[in-house]
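As written, the chain order gives the labels A, B, C and D, with residue 1 at the start of each chain.
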Amino acid sequence: MLEDINEKCAVVGIHGNNEASKLAYFSLHALQHRGQEAAGISSSNGKKLQTIKKRGLVMRVFDEKKLETLRGFSAIGHTRYSTAGDDSILDAQPVFARYDLGEMAIVHNGNLTNAEEVRNKLIANGAIFQTFMDTENLIHLIAKSEQKKLVDRIIDAVQRIEGAFSLVFLSRTKMFAMRDRFGFRPLSLGKLSNGGYIVASETCAFDLVGAEFIRDVEPGELLIFEKDKKPQSIKVFEPTPKHCIFEYVYFARPDSKIFGQSVYQTRKNMGKELAHVKPVEADVVIPVPDGGVPSAIGYSQESGIPYEMGIMRNHYIGRTFIEPTQEMRDLKVKMKLSPMIDIIRGKRVIVIDDSIVRGTTSKRIVKMLKEAGAKEVHMRVSSPPTTDPCYYGVDTPDKSKLIAANMTQDAICKYIEADSLAYLDKSALLRSVNSKEDNYCTACFTGEYIV
Amino acid sequence: MLEDINEKCAVVGIHGNNEASKLAYFSLHALQHRGQEAAGISSSNGKKLQTIKKRGLVMRVFDEKKLETLRGFSAIGHTRYSTAGDDSILDAQPVFARYDLGEMAIVHNGNLTNAEEVRNKLIANGAIFQTFMDTENLIHLIAKSEQKKLVDRIIDAVQRIEGAFSLVFLSRTKMFAMRDRFGFRPLSLGKLSNGGYIVASETCAFDLVGAEFIRDVEPGELLIFEKDKKPQSIKVFEPTPKHCIFEYVYFARPDSKIFGQSVYQTRKNMGKELAHVKPVEADVVIPVPDGGVPSAIGYSQESGIPYEMGIMRNHYIGRTFIEPTQEMRDLKVKMKLSPMIDIIRGKRVIVIDDSIVRGTTSKRIVKMLKEAGAKEVHMRVSSPPTTDPCYYGVDTPDKSKLIAANMTQDAICKYIEADSLAYLDKSALLRSVNSKEDNYCTACFTGEYIV
Amino acid sequence: MLEDINEKCAVVGIHGNNEASKLAYFSLHALQHRGQEAAGISSSNGKKLQTIKKRGLVMRVFDEKKLETLRGFSAIGHTRYSTAGDDSILDAQPVFARYDLGEMAIVHNGNLTNAEEVRNKLIANGAIFQTFMDTENLIHLIAKSEQKKLVDRIIDAVQRIEGAFSLVFLSRTKMFAMRDRFGFRPLSLGKLSNGGYIVASETCAFDLVGAEFIRDVEPGELLIFEKDKKPQSIKVFEPTPKHCIFEYVYFARPDSKIFGQSVYQTRKNMGKELAHVKPVEADVVIPVPDGGVPSAIGYSQESGIPYEMGIMRNHYIGRTFIEPTQEMRDLKVKMKLSPMIDIIRGKRVIVIDDSIVRGTTSKRIVKMLKEAGAKEVHMRVSSPPTTDPCYYGVDTPDKSKLIAANMTQDAICKYIEADSLAYLDKSALLRSVNSKEDNYCTACFTGEYIV
Amino acid sequence: MLEDINEKCAVVGIHGNNEASKLAYFSLHALQHRGQEAAGISSSNGKKLQTIKKRGLVMRVFDEKKLETLRGFSAIGHTRYSTAGDDSILDAQPVFARYDLGEMAIVHNGNLTNAEEVRNKLIANGAIFQTFMDTENLIHLIAKSEQKKLVDRIIDAVQRIEGAFSLVFLSRTKMFAMRDRFGFRPLSLGKLSNGGYIVASETCAFDLVGAEFIRDVEPGELLIFEKDKKPQSIKVFEPTPKHCIFEYVYFARPDSKIFGQSVYQTRKNMGKELAHVKPVEADVVIPVPDGGVPSAIGYSQESGIPYEMGIMRNHYIGRTFIEPTQEMRDLKVKMKLSPMIDIIRGKRVIVIDDSIVRGTTSKRIVKMLKEAGAKEVHMRVSSPPTTDPCYYGVDTPDKSKLIAANMTQDAICKYIEADSLAYLDKSALLRSVNSKEDNYCTACFTGEYIV
């Protein structure tokens, strides 16, 4: 699928470890796939918060000297995907504020659906907004809450917001982690081997820093981290799980475990289901790398059709500003993907992708395979047609740009010039994720929004 | 004197010219000497504000592409000197806010003396502060004012703050310029030859962009710039001028005209006064470049003792992190200054500096001149002993670091190993600036603070 | 295997196309895996040569403006892997020289085994060497040759050198491509769809720029490219093929075709042979990515044991200079590789790597898999034990660092803590590459050097 | 005059001090005004030479880590002014070579007038040239000399070249300094306080590193530096001094002593002569900074007309790529220079510049002064009309661009719109430099070339 849809961010929090900011740094590196535009860390040494945030990859934003200024036993961090084309750093996180109880910092993965309404109300009451992030609402709500204690103010504040939020709050002495009642975005709790706790968007961060997975933060749950205590849990909302199924389809790292299951295994299941419900005779099954690899392996195992790395992905990609020559057609896709001609030539090829968004990349891939000599190209997609934009923390194109919102499957098949095209239907997708009840948000496939 | 004391910033505002941001850019370049750490510009096209701010010199922060995104007929800009050693961009200006009347941006040169008190009051009422700049108070005061119109809110807000402020405000359609009742920091009004107006910290900005000087913004005056109208003036405070005399002594560019007078001419007057009241027999008068040049010329003209460029300043200075060798004593000063040996050797030398702050640089300069063969070195300083820190927008060392606050003049003379040392006294300094009444703030020499 | 052994470079040449330097640029990008330290291009417009070379990746070395200065109908290019830690650009290619016939530039992939001897002879005759590249010998030999024509001088020169060389020469009007008699390093000829010819180290460059593969440049063959003519061929040496078998094992891109065969297919063959000759009962076959992927697929297909992506590779790797915390063991390998725990846990795992060089990475991988819960770990290597350094253009560690040169296979197995370890033996490897006769250099496995 | 004519480079050599490369680094910084495009240092530890060279200012090219790789008791260095607009580092110095006697490195200030002839002869004999520097001739001549010892080869080599050369050679154990028989370019010898010797283009380098001036290297003299010995002197050529008088006029730093005299004092003499021979009634004398400062002081002292800093130079100059607006005329000069209006307005102004090359800058300066209100502007130039290009190491425009080669003085005066214009004539210039006989090259004023 390749970059038509993007997760908006990742969050991490460390509490009770004197190398908190270093652990946050490595965790953010493990979560880099969830946002490459900006990175930031706030830490507390018990007396004051320190924040560093900047445009760029985690490894470029921080160096030894900067991490040393972020001292303390607690730290929260954020990586950001940004649609904004400018150089403004204003919209990076953590969001920091001084307020009547002292200092706080917040990181947020998700999207608040009533942000504008809340902001307008706050502004009407004299608040000022210095950024364009919906997250800024939260620091205002906390500052203005009439509760005395921070924990009560957080509870007060999250009751006034709607939408998707996996949040981590840092005060001078405590850390808080909170997830909306639907549990749209993942957030897991782990124990550091050397003392202290970690919460992070995905468990791949735990593996890198040597933390042990305990459990997910529950939908609607608030966790309070205090020095030398076990995390306390408060059930703020009754949980009504609606996990983002697209995390399984595309966003999460395959070595993570989210919403209680291995991402890799779940993607393999999708491939198996696809082979089961949308079979086609062919000589070879190949993935669109890297996203399609587990599904293609699943498809191959279920169908018995051999799996091959029929398309190679080039990882030396930066941006080139050099215009291609006349003879270099489809340069953009060829810079990233190239076919294994000997595997493709003369074969009936099943190519597995995780989703089709605009359709242009799929069209180029089919063309590339045909030019490499494929006798037939059968496109199999390990998710249903993407017909609707997401309002819960994912950056999707307008509905007008979503090919499945504007064309029938037959028309799409013709447009991408494939010999056949099939999607995984919603019920098969839900089987793949072992959803006994309907615990997932599938609005991007159905338009049925929850809030 | 060389970098022991620093002006904190410069401001500029352009209104009614379609190349507003470009004019702001060049103006900020002309004002670069007032702050080298960060630069920023906000512009308005009538519908929304755009802001770009970043660490670095004006010429590095902006390029063609960035200036193009700052479209509109009005722009305000800021350069900043920052004591903070970190990479945080949070504390750069303009400060931007969305609030109930729309959007605004502010730039500020000065320092608010009641900032903490105001902030605490605002915080107690639920406000949050996202930066460490006292300027953030202003956007809160404006947002919370119960007045209906922005102009009335600005008047309301500035009545609640104390201290030094030369401010420029930008809304979507208007621009405002305001100076505190004392007129601590300079702010001048000019007319652009191609249409529209400019306000800037110093007139050297006018000269670069081809604007004509009209007059100073008056102490206590608010100017309102509206499209196709002449600037309107409102007297918010009764003016009680207390201009920063150190602007004449050191900060302002010699080709600027501030507080009604040429900086260069005023510095020459100081040199003449110095020759008059602190004469000494000598063979040659030399300046510590570049600050001491005009005073040394004045001293020479008054005394008849020949003026020479006895010390050369090297402008290829960056920062070196290479440790000097054993044989390279006083590297730090020698990298910047070197003596003209033939001018110095065997001579009785009067060396003119604008001020003595810590005393260490003066000590090195005297030593350098002695090593170059000076028979006598007479240090003459074109301002009184600097004994007290500034609270009105200048970055000064602690009182404990100010040599004149801790030693007698005789002791200082011994410490710097000069053959004689004399300062310009306060009354002679005031004569130099043609102050009929006592229109100047001299707190850094007297400890008599105004507010 | 991961970066213990490195190909030293890639070469490319374009002739007869007015976008020659742009085509060279994109070709070098496709060949970036063969050298990431420096890149360079020389072009000719018929009158003079222009050269740009610099440290860094191809995409960073060149921009639009630089490519525009490299005008002309012919261009040669080079990417370099360099062991030198310094910033010297001296040893980047193309090597340029003015000499009695005009100007020339050379790019070289390989290593001259008699370089020192030749150089000493040249130096004794008054030559000077300005770099540390063996390639510099060639420009001297050409300049000093007593032949009249460049083509004859090239023939003269290459007869005086020994070792591995795939060379491209550029003069003001012609281009020459030459391969040593053994054909150690690959070099292929293609036809540009828009006019002109291309030679490149690997065919993956052809695919990117839209060129059609014609054939390999033959071992011992010199190709002459002249405007508006077909390439002329001269057999300079009788070919005695000894292709570098490690190109198949590790260096070449899997989508390239070298030495007459698909790299991907050949690697799959290695996996199949391995399954055939070194079988082991297991539940799953996994590759060390990316190198081990095709062999692992082959192994799975031959053995019927399911293939899985049991180890994930993280491509957001830069260099971090941050020290890990105590709890973060094996950070270096974990930053790059992470296990799919659900795939590994409780399983008997066959892990396929292309080679074992020092053994330290293999040890960490086995440990990582065991920690992920593998019941058994069987290491299978798709090449024989690497016992000897290469003198034909590959950067290998000293023999003392090659684990297989210093330990028995049993000892290695114990050292890396695997449950079993098996290598592909030389004869099975040769079967994988379809070598009817002994057309390959296997010196790194046998110590039997050819020249 | 401002950057129309440029010195091509500076050289330095250190021998017999274990911090040789660090001393070379600081010396090059002091000589930065002689070349800002590239910098390089070669050092020897007795066994081998190490070279680092790169585009950029000295302080950016080297850091602690790089200097540490340049170990040894001897080092030579170079800064370069380059007309070439490209990124090629090929033409930076030191030039390094391995040859039959081992290794050598050379730095060169000057220009060889028979370079092409020598090069063609060398090329005809089989030599290759890898750069476009005339200095490359020297390493060939040394390598091919039939003498046995390096010192004899150097003598042999310099007898085959013509033109201007101040050279420093480094071998593994020795250092050599050589100056052409005319002594066109300066080169001085000093003693390091901590052990060892220094040679450098200007004595300002000695002052920075704490070395004591001994004497100039004589025209035609070769100095040999060997460990634990005093420098040996060999008179290679009979000296016939023809020092570059433009070094006094413009290039050298005013705090240097070259050709036996203080640069500052010599420039003052020029100003005095100018006042004597080209008097004019006026109210004020001002320099074009920084070059004209000493002459203007001299003029003032001789004439009694007061000296003022009537034009300020802005040192925050980088390059801007932003186009000025319509209203910003003469931006290029205004970014660098701005008038002190109060000094200029209503005055008859004498403005002193060191030279007029193209005339365009002078025209802009006169215009700027008139716009600032000058009643009269009298341009006085402290050198004769520049009518001819230099072939001895200075980068001058073509004769067609030299205004004095194409216009009479009257016509120039009209062109620059001055009220009067006068140059210092050649005999007065020679008096200023105390030249008893005709020891100076004045070819740029007369067209009478020496070789």
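Rule of thumb we're sticking to: a contact is a pair of C-beta atoms (placed from the backbone, for glycine too) under 8 Å apart; a residue touches a chain by one contact, two chains touch by 3 or more.
Bear in mind the structure is a predicted one, so any value in this text is a computation, not a measurement.
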| item | value |
| --- | --- |
| Chain whose Cα centroid lies at the greatest distance from that of subunit C | B |
| Between subunit B and subunit A, distance of the C-alpha-averaged centres to the nearest whole Å | 48 |
| Length of the line joining the C-alpha centres of subunit A and subunit D, rounded to whole Å | 60 |
| Centre distance in Å when subunit B and subunit D are each reduced to the mean of their C-alpha atoms | 36 |
| Contacts with 2+ other chains: residues of subunit D | none |
| Graph class of chain-chain contacts, one of line, ring, star, complete, other | ring |
| Which pairs of chains touch, using the document's own definition | A-B, A-C, B-D, C-D |
| Residue numbers on subunit B that touch subunit D, as the complex places them | 19, 22-23, 25-26, 29-30, 32-33, 36, 57, 59-60, 62-64, 67, 192-194, 204, 207-211, 253-255, 257, 262, 264-265, 293-294, 297, 300-301, 306-309, 312, 314-316, 318-329, 331, 334-335, 338-343 |
| Parts of subunit C lying in touch with subunit D, wherever the complex brings them together | 51-52, 54, 66, 69, 86-90, 95-100, 119, 123-124, 126-131, 139-140, 143-144 |
